Amino acid sequence: MSTLKPILIRTLQLVLVLWAVVTILFLMFRLMPGNPLAAYIDPTFTAEQQEALIRQFGLDKSLLQQYFTYLINLLQGELGYSFRYRTPVADRIWLLLPNTLILTFSSLIVAYAFGIFAGAFLAWKRGSRTEAAALPVVLATRAMPEFWLGMVLLAIFSFSLGWFPAGGTRSAGTHYESLWQLYTSANFLSHLALPMLTLAIYSQGLPLLLMRSNMLDVMNEDFVTMARIKGLSPYAVVIRHGARNAMLPVMTSFAISVGYQLQGNVVVETVFSWPGLGRELVSAVSAADYPLAQGAFLMIAVVVIIMNLVADLLYTLLDPRISYA
Amino acid sequence: MTEPLLSIRDLSIAYEVGALDVFAVSHATFDVPKGAIVGLVGESGCGKTTMARALTRIISDNARIAGGEMHFDGQDLVALSEPKMNALRWRDISFIPQSAMNSLDPVYRVEYQLLEVLRGRGGLTKRDAKKRAIELFEMVGIDAGRLRDFPHQFSGGMRQRVAIALALALNPKLVVADEPVTALDVIIQRQILDQLQYLQQQLGLSVIIVTHDISVVAYTCDRTVVMYAGKVVEDCDTATLLAAPLHPYTMGLKNAFPDLKSAGSGILTPIAGSPPDLVNPPSGCRFAARCPFVTDLCRAEDPPLVKKTAGHVVACHRSDEAEVLREQAKQPGTWEAGA
Amino acid sequence: MPETPAVVPRSGIARFFNSMQLPVGDPFTLAGLIIYGFFFVMAVFAPLIAPYDPIEILYTSDYDLASDLFPGERGHILGTTSLGRDIFSQIVWGARSALLVGLTAAFMVAFIGSVVGLLAGYFGGWVDAVLMRLADIAFGIPFLPFVIVISAFFEPSIWNTVIAMALVLWRDTGRVIRSQVLSLRSRGYVEAARVSGSSDLKIILRHITPNILPLSFLYGSIAIGWAILTEASISFLGFGDPDAISWGFMLQDAFASQALARQAYHWFIPPGLAIILVVSAGFFISRGYEDLLFPKLGR
């Protein structure tokens, strides 16, 4: 029962932040220089379309009324009409969301799996030459622009070696019966490989360094020493007691990393022509397709905000000292 | 006289501090008889905890056993190979730490931690292990329903009982308890010590209790070993130690602690001064600087540990005059600084 | 956390440098400072070091475009771009915008974050509540997308990055400084000052600020890296200032000119390496601070 209260508080926080971001977005696009109608209406729309949009978004009413209409529309999933694609923005967003999520989560899972093992390994190898050689490399991966890494990988593995395709989610001319079939096909996976690798290499630094630091702390704890006095096997001491405790903060950082990863998505999707929300945001802004830009930004923000909440909750749930207080 | 369970001979343990070796324990010698509770008493920094941990051979990374022997059950633990030593750990020699809170893994339930030793080191099946866990909890006086709780859900005294249960899990021959009741209040202290004593009698095991509190020793231990600045200064049965100690330090200790049995009787007189720096230990008796009965000989020569009567050894040049010195020691004035 | 130093120098500037507590003893910090120094010199003396103007389109003696030259050809150390511009000169001049963006943005982030943390931590109550809710909102805004959207509304310029960072990225610094201030506030000498009637402003300036400055610098030096990376991403995506030759712009140029397919590694590797060096330098320096602020034995 005691775990319900923090969940409630944090959900309220989430709603507050969501509302604030949504409002900021509204203000940004309404108050931008130029025609206030330009946020939703393109001159090339037909007169009827323009009429319909004006009514739908209350564009002829006061700013406050427009705001409320905007909020109501948002709750109904109504995001306006894309200038370029002449389709509802919402449709386009839902189409692209899976691509972005797949890229984000697959790369993060790989990054974290690698980071946790490598971090524990480096903690074990403290003071050795392996560590002295590995740490600068890890720091360098955190210092590099992800798109540059993508470019290098693309140049080497796609253009020079020809092992992987140069972009997109699938080869031209392929056809799949269902999304599931597409996503599990070898073709899709070979397209996913390089962008995923790029993001993974960039992201592994955080879990690695965090895990290493935690392991070094945990291995000095009394209960680890006790495990050794009990004569338990090295596996029990290092992994069952050491790593299990060290991993706790790393797991919660996973949820927060999703938020940061999504930003990296923006550039990586561009380098690899990966049809996701990030790339869409960039091209929509470049083409002044404001409704689509708004929609893409909003979706990204929503995912980030939700994952922040998940991160908060995860820590509460994973640490028995808190959940069983 | 049967063979003692544990025989420490000339044991020295050194810490590497920078380029120097600091000897936390110097040439320690004492025995632990079978089925006895032996107290290892002394103030902080006297080397008793290092001594206790050395018995498990899990000591700090920068520490090492620099010499001597530890004969346990026919084997020298100092010379024993690591795999053989590990086989002994917990099965023959177990350990009760000072603060059970930090010695229990916070993310695993207490039952799991018991099962871990019972199955992993004791080879029991899951069913048998669970039964044994219930048995152990009953032995230490905790409701078996609490097995599924996490360590932080227990109070200090209960956690110490859990630690005892863990230590007894595999029926060891020797249990080393490092300040087992120091972190608890006096009433709980007594309960835990009673429990420990009871279990020791029931199971016939040997216990070493490391403590700085002589009243704990008085309450529980058959024999007592007194350590000072890394050296053993007196070793005899507890009754004699309290009634007729031979070493001035022991005489001073007696004045400094309340009696567990009759709390509040008598004036407390701490021994003025502090132990010598072990990085540069003095050449003579280490207690010389604080001893009210010091002579030039004491400052010049370190007294050897000699046997005065059967079962009583002491390291003091003036141990023959002990009866007289004891009378003087009873006066609080003797112990003031500059005596 | 070190208390205010026992001997406090009289002059303000000396006190400032003293409170920065630059940990020059640490080898990492030293390496970081040297790298910064190197690029600083490169930025300041760019006109003297760079053989050509970075945006000047060059021609060969036969009036052909000196484009896509490889390193060493016709005296171009790193070759030329598809448009005939000298790559090495671009790298040298790129240091200017990198350091400019890096340092201004880092300063703004550290400054705003510190002020927010100070106010929230010291005054507590509703001030704290409001500021921390603002921080929550800042955490909910995805940073790069935000910069992109801002770039849509304003003229392409490196200052878009700085403004966006100032608006959003103070959040981490703010929270950390706040906790630090909370713990400082309960210290003996602060209590004593309050009881003896010192004004809040005086207490903040004299007692609390000097103790949080090292933390501010720590986060500032991390922010430098973020700023440079963000500016590079923005330029790469095409929202940067096309007249300011930044390393990010070079990478966008290379990408758009199919340098990858043509294996023109000499074009796109150097700008990336330059960015890595400068950002790493920031990490190294912050590592030195971390050891100072949160010393861990035997690490």
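Letters are used for the chains, namely A, B and C, taken in the order the chains are written, and counting of residues starts over at 1 for each.
Heads up, the rule we're going with is that a residue touches a chain if its C-beta (ideal position, glycine included) is under 8 Å from a C-beta of that chain, and two chains touch if they have at least 3 such contacts.
What you are looking at is a predicted structure, and each value in this text was computed from that prediction instead of being measured.
Ranked by separation of Cα centres from chain A, the top chain is B. Counting C-beta pairs in contact, the chain pair with the largest number is A-C.
Measuring from the averaged C-alpha position of chain A to that of chain C gives a distance of 23 Å. Distance between chain B and chain C, defined via averaged C-alpha coordinates, is recorded as 57 Å.
Residues of chain C in contact with at least two other chains: none.
Taken in their complex, chain B has these residues touching chain A: 56, 58, 86-91, 94-95, 97, 99, 102-107, 116-117, 120-121, 149-150, 152-153, 166.
For chain A in complex with chain C, the residues that touch the partner chain are 13, 16-18, 20-21, 24, 28, 32-33, 136, 139-140, 142-149, 151-152, 154-155, 158-160, 216-217, 259, 262-264, 266-267, 270-271, 278, 281-282, 285-286, 288, 293, 296-297, 300-301, 304-305, 308. Residues of chain A touching chain B in their complex: 221-223, 225-233, 236, 240-241, 244-245, 248, 319-321, 324-325. Listing the residues of chain C that touch chain A in their complex gives 133, 136-137, 139-146, 148-153, 225, 229, 232-233, 236-239, 248, 251, 254-255, 260-261, 263, 265, 268-269, 271-272, 275-277, 279-280, 282-284, 296, 299.
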